[in-house]
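One chain, chain A, appears in both complexes that follow, with chain B as partner in the first and chain C in the second.
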Partner chain A sequence: MKSKRDIVLLVALLITVVLLLLLNVGFVGADIPFSDVLSILGGESSVENPSWTYIVEHRLLRSVVAISAGGALAIAGLILQVFFRNPLAGPGVLGISSGASLGVAAVIMGGFAQQGTDHANMTVMAGIAGACGALFILLFISRYVKNQLTLLVVGLMLGYFVSALVNIMFLSADQAETREYVLWGLGSFADVKRTEILTFVILMCSGLLTSMFMSKGLNALVLGSDYAKSLGINTKLLRVGIIIVTSVLAAGVTVYCGPISFIGIAVPQLIRLISKSSNHVWIIPLCFLGGGFLGIASDVIVRFSDNSLPLNTVTALIGAPIIIWTIIKMNKSFAGI
Partner chain B sequence: MKYALIFLFLPALSCVNHSDQHVQENDIFLEDSEMKSEVKYAQGFELKYGNGYTQVVTKSIDGNDSFQDTVQLNFKKNTTSATKQINSSLTSVNCQSSTHLAYLNALGVLNTVSGHCGIQFISNPTVINEFNKNEVSEICLNESISVEPLLTTNPELFFAYPFSKEEVEDLKSKGVKSFYIAEYLEKSPLARLEWIKLFGVLYQKEKLASDFFDRAEQEYLAFKKDEINLEQDFIFNLPYGDNWYTPSANSLVVKLCEDAGFSYFYQNEKGTENMLHTTEQVWLDGTQANYWIIIADRPAEFSLEDLVAEEEVYSTFKSVKNKKVIFCSSADTDYFFSGVIEPEILLKDLINITEPIDGYQPKYFRLLN
Partner chain C sequence: MAGQLLFTSNKVELKTGVVALVGRNGSGKSTFIRSILGDHELTSGEISLDGGPIEKYSSRDLSKKIAVVYSKPQLFGDHKVQEVLLLGRIPHQNIWGTNSQKDIELVQNVAKNISIEHLLKKKFQSLSDGEKQLVMIGRAFCQSTGIIILDEPAAFLDVVNRKEVMALLKKVAKTEKKLVIFSTHHVETLQDDCDQLLLIENKEMIFSSNPNKFKELISKAFKLES
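Then we have the complex of A and B:
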């Protein structure tokens, strides 16, 4: 019965995401007739204005990035919430995104980008290294701190510490560097270049597939590490898998699209609430589509506002109320209401 | 005993300071100049000559954020009750913008700058050398004025921008004599250059300032086009993220381009502030506009190929196809510094693109290859 509900939810989310994609590609922004948009998408190149082809492709690519990035953040949040057994865990809260930001800041403002080296690739590598570093520190501390709330506070402090380091770099950087970093910090799904898009989508989809392979372990981990061990789950391997998957997903999105907040925490909460399922075979794809929905919906809002609203502002406006609602709901549960 | 000596010396030191200040404020007066500067183009400042004093008034233009500021230079004792009075030659000033430095440099009084906002962003070697020599202090942190360093430099006058009015008003209560300089609000390059006369008056270098202005004006007017050519329509600059900020049709830079015969693509859009377009809109417009003028922080050797590598859609722009992209590297040239006081050279550079001038070597603008 639950599976049926999940299938309906999955199909509904899929249809909504596709509709939003069509809206984003065909109707938002500069005025291009929808028939021409369809012709361009169908491979027709002889349209009235030569820039239309590029504009439509650009809209399509940013929509794909929005869906993949939103989905990836939601999965990263879901896995971390299971792992830390805390519904408020997420790449943004636990300092993972901050770690990625530190890597990006080091390349943009810290003078680590050497002349002649590939700036974009270096930023990606540094971002992933920063995110992994932050998560490793958190996991190391988690060996000594068993209370999840305390660990969450440690994650927050780690985030603040990293932000302080970024601020130091910011103050000593030149105008062009600070400008580039500020722009990156506002978040955008439009900054992934055509040459990078394949790498980005592969990265995000491999995260999705790997997390699907971990769904059995995650199902067991919901009931605790000891219970998972008793079911024969290799918890050490699972732990390594979680580190790699969440770091790659969170860092990939952070590096390419900026530090996008709230999607990673809000979507898993919503999906769990709507789905009622505890089977991650369903929850993971649902979260991916839920994150994708929030990602592309945010991009549509950004573009409807003629880009006057930064992406991070829109995700915060949508995500923050969901998180507050979750906290209130948690309090009610604890109070036995 | 040691403490007793310190207590004995403290009042003595204090007395020395006060007597110096007294001398500066009341006994040394400015030398009244026979030269009276005349303002021809600028709308943002006025010079009022009185009996024994000159008042320099700066004010807002059109609907810009309203302000008015006055500094009085006294040649006699206590002539009027103006709030900000200068009784001796300026020896220590602070500047909020590097454009202020351009005027001071032209008048040879850069050595009077004791504090500046954003020293790290200055690229002009003359200014850097002068600043290093004089140990000029940084008075801002992240573009906000830092009160303590500014008070430490104790400037006789602080040249400030009116867009940070609240910060500047707060400084007044701390005893800092600030003076609003809003040359960027002027409507034409010559009007902006004319602000050199204001600095000339403040530094009693009216003749030098007027000569500087007259020479540039003469050359500018000799080259200025009387009519714009609609075939030479242009879009401007590069996007910032997903947005494309384009200057107002009434802006200085657009006026400069129009004086060179170019026609602004967005000339019918109203307003005095920068206009915000989506990148998509400008991508569409770029396929129509014949010219594209770019002033950007790019290396000197920046090429058309580099431009298209930044965004593939640029290859569909008419200006790119016809190799009519006019470029000024703000990293390689002093556009935002000396460009302010060399409008005649900026104009000649632009005209040289459509009507090459024999043997002319452009300083700021060139066609991208």
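Then we have the complex of A and C:
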């Protein structure tokens, strides 16, 4: 059911995200008059202008990345929560981000990439492969482990296992490689290059679109897979769709921005608490905007700290309390699972 | 086990009314139900629906003909009862799953018919087990299908709730000319609960439409009386 409240929420989130975008592009960081920013964005200034490079590369691009990455993580989290019927599921907890990290680590430190070459594409592929791999292991184990909590523990163990493997890779890696990996692990929305941003945004938006088309299936899936099938949903196709979409979204973000925690669990929880709707056609865009909001808000904080606060520190500071609060609030309403 | 023969059966034709599916654990009730739902491939024999074999139906087409209720209601999320009932309308909805005014009216009518109107605005998770199962059955009614299959719908209900569910099924089968098939282990009240019986005994499925004979058939099958 669509209600006025959801439309208001959607519009409010959209306006807040746009305002934060303006704030991030126009004011935070180097002191450039806002009118100059406008004229630069309006195309009145040339590419050679150092302010142009600064505004576009250091402010606009990372803001766009922050919004789409946050939104992507939130959608991946939402879908995983419905799929695994677990309000605490998310790309981070289930080890999907860890899988992607393993792919990235293998490319950065495993000698797969030649020094000095552009290994961006390779990292993306390796990251998606790692995320898919982690999801398949989870799916396999979830056949035998019906308990929701146990599956989360399995996801955490996957995470530990991966970091152990990465530690082993550290042994053979040189200092520059190790440094690259550690910096990546802190998370940042600033590392997506101008040449990569189109790929990144297309990847994220196609994930958003595909998940919108899965709304009806997700609506039915709240009753469980058997019921969903009896409601005419092609559950096999939906399962494949869910695996691909969540892997691509989580891996895409992880590869480009680092393993960003908390947004993926916190946002879907919040949205489901606030929203009146149970139709995913509404919940998915709400989650995207909610994730985008948390993403860019975190980036604004990072930039207010002169980039000295790592992104993952900020998302943890904001996200962890939200998760605890929602667990307390939700305890009752999710008692049935 | 694949390819293992569970039971043989003569040709049985079911039209409308309430049919009980009875058999001991492991006799093949659930497999039979899954076969009707197209979830299990038959190794031999045939189940047809409206003249065509059931395997030929896509899950989408099947969902407009058969609704199902499982023994344990499960829901992820904090839906209101009305939203749970509306999930039954999914087969009839467009790709975005939006509820039309007609859907909402239909759901409210169903709720009225099965006397759960007062629950509509309540959260599903706050209901008792009996109420939850009533809602799940209501959800199946909302699917507007000619056939409703229930896999041990009253397994987790107390005597009073079970009676209520059975009376409800009987009423709907009669007034809306539906075919209701339910599996059960509660054989004591069968002659009141249903008008037809499918009994799986000794790898054979026996059909009876004479309620007076149910007791005798079941006693013989379960060796309750010598």
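Criterion: the second predicted complex is superposed on the first by the 310 of 337 C-alpha atoms of A that agree within 3 Å, B and C clash if a C-alpha of one lies under 4 Å from a C-alpha of the other, contacts with A are read in each partner's own complex, and residues count from 1 in each chain.
Note that a residue touches a chain if its C-beta (ideal position, glycine included) is under 8 Å from a C-beta of that chain, and two chains touch if they have at least 3 such contacts.
As the structure is a computational prediction, the values presented were derived from the model and not from experiment.
Shared-chain residue A:188: touches chain B; no touch with chain C.
When both complexes are overlaid on chain A, the residue A:85 reaches chain C alone and has no touch with chain B. Ranked by how many residues of chain A each touches, chain B and chain C are led by C.
Contacts of A:206 after superposition: neither chain B nor chain C is touched. Residue contacts after overlaying the shared chain place A:163 against neither chain B nor chain C. With both structures placed on the common chain, the touch criterion links A:278 to chain C but leaves chain B unconnected. Of the two partner chains, chain B is the only one that A:174 touches; chain C does not reach it. Contacts of A:55 after superposition: chain B is touched, whereas chain C is not reached. Of the two partner chains placed by the overlay, only chain B lies in contact with A:306; chain C stays clear of it. Across the superposed pair, chain B and chain C touch chain A at no common residue.
Here chain A touches chain C in the complex through residues 1-2, 81-82, 85, 213, 215-216, 219-224, 226-227, 229-235, 272, 278-281, 330, 332-337, going by the rule given at the top.
Taken in their complex, chain C has these residues touching chain A: 37, 39, 58-64, 66-68, 70, 74-80, 82-83, 86-88, 90-91, 93, 95-99, 104, 123-126, 143. Partner chain B is touched in their complex by these residues of chain A: 29-30, 49-51, 54-55, 58, 171, 174-176, 183, 186, 188, 190-191, 194, 302-303, 306-308. Against chain A, the residues of chain B that register as touching in their complex are 118, 120-121, 141-142, 240-243, 276, 278-281, 283-284, 286-287, 297, 312-313, 316-317.
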